[in-house]
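In the two complexes that follow, chain A is the common piece, with chain B as its partner first and chain C second.
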Partner chain A sequence: MRKFFYAEKGLFLQSLHPLAALAFLGTMLVLALAFSHPLYLAGIFLVAGVTVWTAEGLETWESYLKIGLVMMTLIVLINALMVHEGRTILWRGPLIPVFGRITISLEAIYYGLAMGVRLLNVISIFCLFNLIVHPDKIINLFSRFAGKSTLVIALAARMFPVMAQRYENIRAVQQIRGVDFSRGTLKEKVQKSSLLINSLILSSLEDSLEIAESMQARAFGSGPRSRYRRHRWQPRDTLCLAGSAVALGAGLAGLFHGFGAYTFYPQMGCLVDGPGTVAVLLIVLSGLLAPAILNWGWHRCTFLRLKI
Partner chain B sequence: MHLFKVENLIYFYPDREKPALAEINLVIEEGEFLLVAGESGSGKSSLARALAGLLPDFYGGRFGGKIYFRDREMRKIDRRRLAREVGMVFQDPEKQMVMTGVEAEIAFGLENLGLPPAEMFRRTAEVLSFLDLGKLREEFTANLSGGEKQKLALAAVLAMHPQVLICDEPTSQLDPAAAEDFLNLLKRLNEEMGLTVVLIEQRLERCFHLADRVLLLESGRIVLDSPPEQVARRAGIKDIPFLPPVARLFSSLGQTYVPVTVKEGRKYLQHLLSGFPGENVRFLSDQNKTGGKPIREKKQGKKTLLEASSFAGNGGKPPLAEVKNLWFTYPGGKKVLENVSFSVNAGEFVVILGENGAGKSTLLKIMAGLLKPSRGNVFYAGRELTGSNGRCEGRGAPVAYLAQNPNDYLFHDTVEEELLFTLKNFGLADDGIVDELLTKLHIERYRRTNPRDLSSGERLRVALASVLVTRPGLILLDEPTRGVDTRLKGELGAFLRAQAKEGAGVVLVTHDAEFAAEYSSRIIVISAGRIAAAGNKHEILENSLFYCPQIGKLCRGFGNGILTFDEAVQWLEPLLRAGQTARTGGAPAGASE
Partner chain C sequence: MRKIIFPVFLLLIIGLLAAGIRQDNFVARQGWGLLSAEIMFLALILFYWGFEQGKTSSREIALIAVLSAIAAAGRIPFAALPNVQPTTFIVIVSGFVFGPQAGFAVGSTAALVSNFFLGQGPWTPWQMLAWGLAGVSAGLLKIFFPGAGRKWMIGFSFLWGYLYGWIMNIWFWAAFFQPLNWQTFLAAYSASFFLDTLHAAGNALFYAALGNSLIRILRRFQRKLTVEIIP
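Right, the complex of A and B next:
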């Protein structure tokens, strides 16, 4: 469970300013959602993988990908069965009322796969966020604009692992008191779970009062708050931000000129339909790889380590 | 000018008819170290909250009388100013953290005070360094140990530069080493930085000697307010249980001088026993051999060691529970238990001691059937545990397990329903067990009360009753003595001992060596997942530097084999009487101030 949460490992990527880290992850997310070209989507997946590797998070990524792959399979299956726009028919099934004749086309499978990769990208970006961004840093960044809301988020972020642990404890206690969660009808199982949740909520409400008391004792709400800033903007942040800006600029400009988009139906287009497709892709990937490249340089080049 | 002056303070929590504080008149001077003692529900925490300005503002309720802080009425002082002057550390470190990271947690209070960033940075850096938390600066609060969490809570308060530090049972959730560490820190803050400290504590053996003054509360009223030595002396007359064992012993023996620390006690004991040159006292704990009476034995030279009482055999029957070659590794690869083997017979009261993270709780969970061992087996009455919830094939519920947090057991509207819930789940009828347990655990009057409205001690008893209704053969308890007052601890110990006498096997995990010495029949010490020592309580505790109870430390070298209060009284009383007779007969003086 713990691997799903941020852990301080003293990594280069974890030392980025939250704004630079958010700009990098935000750019990746925007591009992953904007591009539909399989090569571009695969490229972003590759960047995500390399960055996860530099963030020493391959094990965590694997857990995320397991969930992602299950969802990807579902997307491919549903898309292949439901979309009848492809021309290259691989299998012609029976006629089903309302849905019509079931056909599976190569294009529909291909489109499902591309959308699956897009989903893996989004999941990988979320994984990266958990690996490299300390939640307090983000909260700190946003507290300037919405102090109370970010505090609520901070409290929720802190309470999540506590609640997960408590859930386990209450479940164990109920097991010892004879509740068998694996037996019974669906209704009975729901009833058992509701008792568990009931207990969890009661305890959480009691705890929240104590946390509130501790906040009150530390002058919370006694007047305007100031903001504790600890993170300084460094050259590494400028370089990462520049990389993200280049990737975003090139990606959006490419999309405007038709690169990064792809035609799946009725028949698949050509994967590489000109040097422009490759050029834009390379610029986007180079920009997105900036944090990973800087990390590599930071480890190997003393000059870079001292200067950035 | 007094720091605090409390005049006729009376306070009722909302919807309560009985006052939590009544007629409190109190003066606290600058730089004092005040220790507040008393039973659960005696008003200690309420007094702390009142002094921190949390009553009645945070809780509501009815409030009468006045509290002055530096001659200004407290309720008229701006809350921000008050928070700068008075800091409070609460009981449970888990429930006072707000932020996810260590540094942000320390800065939280400073942000609330509206301090400029440079000042916040300076204070955070200072306090991290002072409390030696620097290496944890970037750490998540969730990953800290209990001791580190409580230190962080203290750091977060100290960063606000308070003049007064109020600590409400800050060590109740910590293991002995972390607790000692925390209390020493408080003493340092008091002595080196002149901070006024108001400390509320249950386990007085650790902090009695640190205080300048001890305040004893009973039903919301102050019944004693004196320096520790005077409280110790008067305790003998008033029969106050809230004393460290050393002081309680000398006080109950009617001594005019009552030492409060082991060091003072040993010095005094040496003085008392100086009337018996060349003579050693031997004490046998085995009641069958001596009828429970200490025997004096003339012996030359070396001191005699206690003969370890052997465990009663089990008449050829398999033991009630047996743990064989148990290994446990968490899926993440963390090894918690290594080749642990032991058995528990019916009628035994086994205490498991060990540092935090030693694997004690994991062991208990495996014995309860809640975790599957990686290797090895657990047997009940010769049959292997196969069920997922402490059940063996063809048996009802042979194991009762009380987890660390009793609140996890309470979710029904009445106490009675909690007990009936377990019975229903196991398909058992109430054959009078509900009444029996409610009476035995003194919670009969709360039968129709919502368990969440009860005090923590009462909740513990309801949780215990809710697992004992199945009449289990083996009772497993995970740190039930944590944060529990002396009286309740005594009641719990006596209850469990009675359960053992009736034929149950009791296995209890605790950090409380005093409790272990008093009630257990056997002790197992676990360290880093392995059994470091196992045997008769006298064998284990007497020779332990760390787990030896205060009475054991006091008597070591004088009267070997003595661990408990009763044993010490049985040993010392005749000696002192003999010394008295000798003195009146003209023999060399033995004792007395």
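Right, the complex of A and C next:
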């Protein structure tokens, strides 16, 4: 709890400019939410998996996927039981007072599964964010637009481990005095925890005055805010940004012209309804694979390593 | 320029909502999963913009950061009960004492910062919005009902246990179910009912145990923050 969830490993993907990394992850997120075509969703999942692998985060991904699978089960169940739009009825259930007759159709299960993959995509994209973007980089990026908010966030991020430590200390002191936090009814447990919060707040509020004085001593608010940039924009960032732009452009243009659209109800459509769908899918996926390909080149190709 | 940003954003949000309800345009065709996320991000930007515009002293910034860090640290599980944590309660009390803007800042910062350590996920922006709104609403409660007593505040904290869960559920329902009818809505929302109830009960019990004394502590501190120049 003392360290960021992000771990610095000196990876290629971690060396990306925060703007390029955000553009890449944002593009993936928009496409994962915009497309409901199973092939596109599966393709984005594949890209996310490959990129997580290149970011050496398979263990973290596993813990994220476990959460995702629980929610996915819920999505499949609710879709299967509550949606009656499908034509291929697999099972006709009893009449339930509020919800009507329960029917389970093949289409509803299929839609639930596709949406489950969409959820896994979204969760994987955020997992990637944790793996490749340092929180300080994000704070630094936004500090030019929102000075005060990022200052609050940076201060709070610095103080979180301190507060967590204090919390543990106060708790340990209370335990030595004989308070058992795991015993009692809900009300008693909350009352015991309230003692912790009370002590924590009382002992921490004075700190904020010291921080404020320290800020004042460093000339906070005396004039326009100055800032410095630590992150250089490199050719690798341009290439990643270009890949994301191609993927986003092709994806949105495809959607606008009906490629990558898919009908689940009342009957499932054909997965591949023409060359356009496949072409747009390939362009989108190759655009999104740009960071993973560059990572491969950075490790394997000396020429590319020197250039990017 | 500054004066038109608020109405423009508000119109944009209302426009997206209105266009999303009609089925025959490109806004609606992108689906509610994306649309609800867009509206949520616009709302977050609007709140942050408001915070940037306000006059905030160094003392207030430091205080908001400390309260956010305490609220965020409250998310570390200490009781063996899921979803019973003091974060919502601390955000509500902060908003009630220091006003809607500070309430929003404490709530959204607590969500973002705690997730830097616990792991960011699709839940992060929605948590920022939900806890931010809890702080804003507590601030507004203070403005419109300054005499809200202990019982009212316990009820208010209890209600926010459910409201928080319902805000978090919006995206889950909008992005993964089709058609969006009341059957899928009820099913998706009832799935979180037990956890929401625990959250609500936890909030109410925290307020009952600590609310009034914490408000007194923060008010005393608030007086320290303000400087009055006597002519």
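Please note the rule applied: the second predicted complex is superposed on the first by the 234 of 308 C-alpha atoms of A that agree within 3 Å, B and C clash if a C-alpha of one lies under 4 Å from a C-alpha of the other, contacts with A are read in each partner's own complex, and residues count from 1 in each chain.
The definition used in the following text is that contacts are C-beta pairs under 8 Å (C-beta built on N, C-alpha and C of every residue); 3 or more make two chains touch, one makes a residue touch a chain.
Here the structure is a predicted model, which means the values were calculated and not measured.
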Touched partner set for A:170, first chain B, second chain C, both or neither: first
Partner chain in contact with A:246 - chain B first, chain C second, else both or neither: neither
First, second, both or neither for A:225, with chain B first and chain C second: first
Partner chain(s) touched by A:140 [first = chain B, second = chain C, both, neither]: first
Touching partner for A:157 - first (chain B), second (chain C), both, neither: both
Per-residue touch tally on chain A - higher for chain B or for chain C: C
Touched partner set for A:204, first chain B, second chain C, both or neither: second
Partner chain(s) touched by A:5 [first = chain B, second = chain C, both, neither]: both
First (chain B), second (chain C), both or neither touched by A:216: both
Chain B versus chain C as contact partner of A:34, first or second or both or neither: second
Chain C-contacting residues of chain A that also contact chain B: 3, 5-6, 135, 151, 155, 157, 161-162, 166, 182, 198, 202, 207, 211-212, 215-216, 220-221
Residue ranges of chain C in contact with chain A within the complex: 26, 29-31, 33-34, 37, 48-49, 51-52, 56-59, 61-66, 68-70, 72-74, 76, 78-81, 84, 86, 90, 105, 109-110, 112-122, 124, 172, 175-179, 183-184, 186-188, 191, 201-202, 205-206, 209-210, 213-214, 217, 221, 224
Chain B-touching residues of chain A, taken from the complex the two chains share: 2-3, 5-8, 10, 134-136, 139-140, 151, 154-155, 157-158, 161-162, 166, 169-170, 172-173, 175-180, 182, 195, 198-199, 202-203, 206-207, 210-230
Of all residues in chain B, those that touch chain A in their complex: 52, 54, 57-58, 78-80, 83-84, 87-88, 90, 92, 94-101, 103-104, 107-117, 120-121, 124, 138-143, 153, 156-157, 160, 332, 365, 368-370, 388-390, 397, 399-401, 403, 405, 407-411, 421-422, 424-426, 452, 466-467, 470
Of all residues in chain A, those that touch chain C in their complex: 1, 3-6, 29-30, 33-34, 36, 64, 67, 71, 74-75, 78-79, 81-83, 85, 98-100, 111, 115-116, 118-119, 122-123, 126-127, 129-130, 135, 146-149, 151-153, 155-157, 159-164, 166-167, 171, 181-182, 186-187, 189-191, 193-194, 196-198, 200-202, 204-205, 207-209, 211-212, 215-216, 220-221, 255-256, 264-265
